[in-house]
Amino acid sequence: MVLINNWPDLRQELLEGLHRLLPAASVISKREALRPYECDGLTAYRQLPGVVCLPYTVEQVQAVLRLCHQLNVPVVPRGAGTGLSGGALPHEQGVLLGLARLDRIIEIDSLNRCAVVQPGVRNLALSEAAKPYGFYYAPDPSSQIACTIGGNVAENSGGVHCLKYGLTVHNVIGLKILTMQGELLEIGGKTLDAPGYDLLAVLCGSEGLLGVVVEVAVRLLPLPERAQVVLAAFDDVALAGEAVGRILSAGIIPAGMEMMDNLAIRATEDFVHAGYPVEAAAILLVELDGENREVSEQIFQVRQLLLTAGATEVHTARDEAERLLFWKGRKAAFPAVGRLAPDYYCMDGTIPRRRLSEVLARIAELSREYDLPVANVFHAGDGNLHPLILYDANQPGELARTEALGGRILQLCIEVGGTITGEHGVGVEKIDQMCVQFHSAELAQFHALRAAFDPSGLLNPGKAVPTLHRCAEFGRMHVHAGQLPHPELERF
Amino acid sequence: MQTRLAPEFQNSAEGREADAILRSCVHCGFCTAVCPTYNLLGDELDSPRGRIYLIKGLLEGAEVGVETQRHLDRCLTCRACETACPSGVQFARLADIGRAEVEKRVPRPLPQRMTRYLLRWVITSTPRFSILLGAGRLLRPLLPQRLQRLVPIAKSAGAWPAPRHARRVLVPAGCVQPALEPGIDSALARLLDRHGISAVHIASGCCGAVSQHLAAPDEALQRMRANIDAWWPHVENGAEAIVETSSACGVMVREYGHLLRRDSDYAEKAARISALCRDPAELLAALPLAPLGKGRRIAFQAPCSLQNGLRLEGRVEGILHGVGFELLPVEEPAMCCGSAGTYSVLQPALSSALLTRKLGNLGKYTPELIATANIGCLAYLQRGSKVPVVHWLELLEAPPR
Amino acid sequence: MADCAIRLQEAVKAAYAAGAPLNIVGGGSKAFCGDARVGERLDVGVHRGIVSYEPSELVLTARAGTPLQEIEDLLASHGQMLGCEPPHFGAAATLGGTVACGFSGPRRPYVGSLRDFVLGARIINGKGEILSFGGQVMKNVAGFDVSRLMVGAQGTLGVLLEVSLKVLPLPAYELTLRYSCEELGAIFRCAEWAGKSLPVSATAWLDGALYVRLSGSQVAVKAAAQSMGGEILLQEEDFWLCLREQTHAFFHLESAQRLWRLSVPPGTPPLDLEGRTCVELGGGQRWLVSNATSDSIHDAALGAGGYATLFRGAGQERNRLSPGVAALQQRIKHALDPAGILNVREQ
């Protein structure tokens, strides 16, 4: 997106228009008040927005989009701002559109086993509201206490439960979106499927580029008769990785299977005091849920498998309170490392499970090479890796070194046959790695698809899918083994 | 987060303390989930994360004005964010430092300055408050109903047992509690007396919280020193605890040590006093209390200061349950009632929205009465509650009114 | 085993250059589905073979022309299966055709639809470019989900070359229960069961009887059967297979009868329509064999908050999309197939 010169005039016109459409409390324009909106959960990237809009209703959202489309002003949607890939990084000459005030739970429909919510509803709040009916909403990203359903849709969020119950895309059955032109489109609903192309699949994970989500219909699942978690400690991370494979090969699909390494264990124990074994090289948390006797049987099997795989201790949570405490620690793992270092950079890559131990060993090597500690947390069940690089942004050069290390780790993921992101999205953070993962025809296809939704390209520009020009520039700077990436693109 | 302190803050103790707190924040946003004002307003600027960022801006030398002031003013200082924060950010300390700096830089209109001054002037002096309340009570019948609710009727104190035991604890009287609810401290004294502890009542005036949270830190320090002077003889005589029956005051007294750490005359005493400070729940948990509950259905409002400041979540409920009360479920237990010290005067709209919500949650299963642990919450809930609101100590000592 | 990707790509490129329609054919098993097509036949059946299969990773990748039976046999030999048990509708069914039509079987609401199991796809778009989207891992949020977009697109957005699928372990134990009840009772029973964590893996009501399949560990299945009651059916495998493949007597059509598929919210009460109904997928899918008019059926489905599809029989498809969504779908089609050559319908 090219910056324009007459922005001050355009901004004035924009503000006048917004003040006509929205209540005063919905338009933020003073620089002092814009600053807290300059980043989301990824603080390394900051950009003051042109204007912030916080509408209360769908009609207001629509009016803002129409005005921006008319004035050719980019729009960046934002939920709770907990994203870790900079997806809600504002545009300097654009509107940051906050959806947090659309926070109504419209309906919990127990007959049809679904719920209809506005995008600003917090993930955990939905499950809490469904609980009295005996249901819950399965996708549970670690930030679920604060993150919004709208954000979950944009990022196709996963979480601990996604091994057994799927990602957001597997649990969304309907969406209402507003296009950049302000057209309201309704896709799906309470039915199992919708006619025509699977637009729900395309919209989940579209990172705010295709439309602004203003209503979501989701599948609810019955609360399991019983849920139990088994904690296992290992002296060696590789053994923990192998244990994971054994459990899956045995035909058991746990409701969740998570691993933390020693640094992560220490940080989270400090916060939650769950009794994690702080000397262990790694711990595995394996959750089993379902019918009472089946769970008992599975716990027995899992315990056996863990012990034969070399676990030094295996502990089943003694009651519901302890089970929740074990998970509370894991879910707070990222920010808890804030106790170890002033800043952390959370990586998000996915690799085939069988390569887990090898990848962890190489990350440890890289950590030594770059002299930066790395705590590791992962969704062991599906190989989604979150190395947390600990650093101090106030130290000159450390952020750059951190990003370099991060890039090497993502490269490693691709090398072993995985991808550069699992659930945090591409945002701005991994946009360069997109040039490595996809070739130019594929990127062009993404752009063509995006243009089908938003010909103007005003919705969240500069995120998720790099332009070919950017890839050419990136390729120029990263000549590898004498070969220029994207040789088909012209250089200027 | 990365910080670049402006030179004037790099060399000040407050600046360095604030910087350390800022660096512990990783901007994850978990705090937004539990913040009452973010819940009501949906604006990042009215969330702990946003407020931290505004204070960061101030300390980095950015221009601050009424925007920053307004959003910091709206903070309840309920500390729910501290409990939710996985990184251990000491939000309340940062807010105190930030508010004091904003107060120096951003002028307030005269009516605001007057209200704040009057609040401090009236509340921090027990005699002054009592006199004004007395006058209010005289005039009560003449007031419109809306204002009548603000002037609670007078209550009797009940007997204070003579000091007869070797074990002694100190019970500071506080600022408004003697005039509003004189029965609370005496109930504690009688309870402790039956279990071998004599409570010494001491007039104390405000613990300092009002001044501290109204961005008058020097005035707060004066109050703290005055209290320390009054309490120290008793500490030297072997008082084994200083028991604050209002949880909010308990939080404040526990900070005396930190706030006076650089005062060579008071540092040691302040640290000792903070170490001696106890909430009644901590003393009573181990005592064999009479089963007065008889299955009566009550709702307990756990003050924010008790849950988040003192980290005593569940203790009082445990004691009440243990003596036979039926504690009804209360939804959104971490959501502030809106009293928050002087907040109900300074932010009436937000405050009353929170009050309505809290009363709705407390009343959902029709309790006989509501129990709480803090005078501010008590007086505020009484304004709108259809059932009596009492301090939980009174439930253990005398039949509830 | 044969890798014909380049040959297929050449054919598409040529067609794109000439603007000539292509009729993509796998095994021809689902030719009944949708309207007749025009254009030169592009036989994808020759592009076949298992590319990779990692049982411990629960992932299988195969070329689009691979017979579905071959895949299922391979999975079964490792104690695994395609979770959504897609119908074949003919011995020649291929992976590509299955994905392109997007039909799922009875297990769908309990484990996921076919689209839910697609992890990635390699395609030839309408310009003759070979593109890969997704991958071999479940979690992949890089770029737009074009691979899942292919599911049910009936070949109009691209020629499938390869698909990666998540697979599931075969259940340890299964049994089917049978209850006599009317349609409304069946719908409510299914709703009731859906609110509990029971190991239900399929439901179907037809001819005054409700059939429920339970799958999982023997312990769990037997405990559930005990609490649910009902008559235990023997040889239930045949029943579910017949249902899925529509060889069951219910699906036999007299001349002029038509088979409709209605997708409605699962708790929808019985629809007042002439003909006989089979209620499947926990209530979310209703098969209707009827002589009623198209309009009355479409209206009934819409009124219930769903939609209807003419599955078998003569008649015009009605556009059930709102104008805005229909226009969007056209633009999406254009983004992937700008010359409009893939699986063009006879006008």
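A few notes on this one:
Read from first to last, the chains carry the letters A, B and C; within each, the first residue is number 1.
The rule is short, and it goes like this: a residue touches a chain if its C-beta (ideal position, glycine included) is under 8 Å from a C-beta of that chain, and two chains touch if they have at least 3 such contacts.
Just so it is clear, the structure is predicted and the values come from calculations on it, not from any experiment.
If touching chains are joined by edges, the resulting network of the protein chains shown is an open path. Among the inter-chain contacts, the highest number of C-beta pairs connects A-C.
Central chain by Cα centroid: A, whose mean Cα position is closest to the mean of all protein Cα atoms. Our note on geometry: subunit A versus subunit C, Cα centroid distance of 29 Å, whole angstroms.
If you average the CA atoms of subunit B and of subunit C, the two centres end up 61 Å from each other. Centroid to centroid, with C-alpha atoms defining each point, subunit A and subunit B lie 38 Å apart.
With touch defined as above, subunit B holds no residue shared between interfaces to two or more other chains.
Residues of subunit C that touch subunit A in their complex: 54-59, 79, 102, 108-109, 112-113, 115-116, 125, 129-133, 135-146, 148-149, 151-153, 157, 168-170, 172, 191, 194-199, 216-217, 219-220, 223-224, 263-267, 281, 284-285, 305-307, 309, 320-322, 324-326, 328-329, 331-336. Of all residues in subunit B, only 1-4, 23-34, 41-45, 49-50, 53-54, 57, 62-65, 67-68, 71, 84-88 touch subunit A in the complex they form. By the touch criterion given at the top, residues 25, 28, 30-33, 35-37, 39, 41, 43-44, 54, 80-82, 98, 100-101, 103, 120, 122, 124, 143, 145-147, 268, 270-272, 332-339, 342-344, 393-394, 399 of subunit A touch subunit B in their complex.
Against subunit C, the residues of subunit A that register as touching in their complex are 109-114, 133-135, 155-156, 158, 162, 166-167, 169-170, 183-187, 189-199, 201-202, 204-206, 210, 222-225, 245, 248-249, 251, 253, 289-294, 297-298, 350-354, 379, 382-384, 417-426, 430, 434, 437-438, 441-442, 445-446, 448-453, 464-465.
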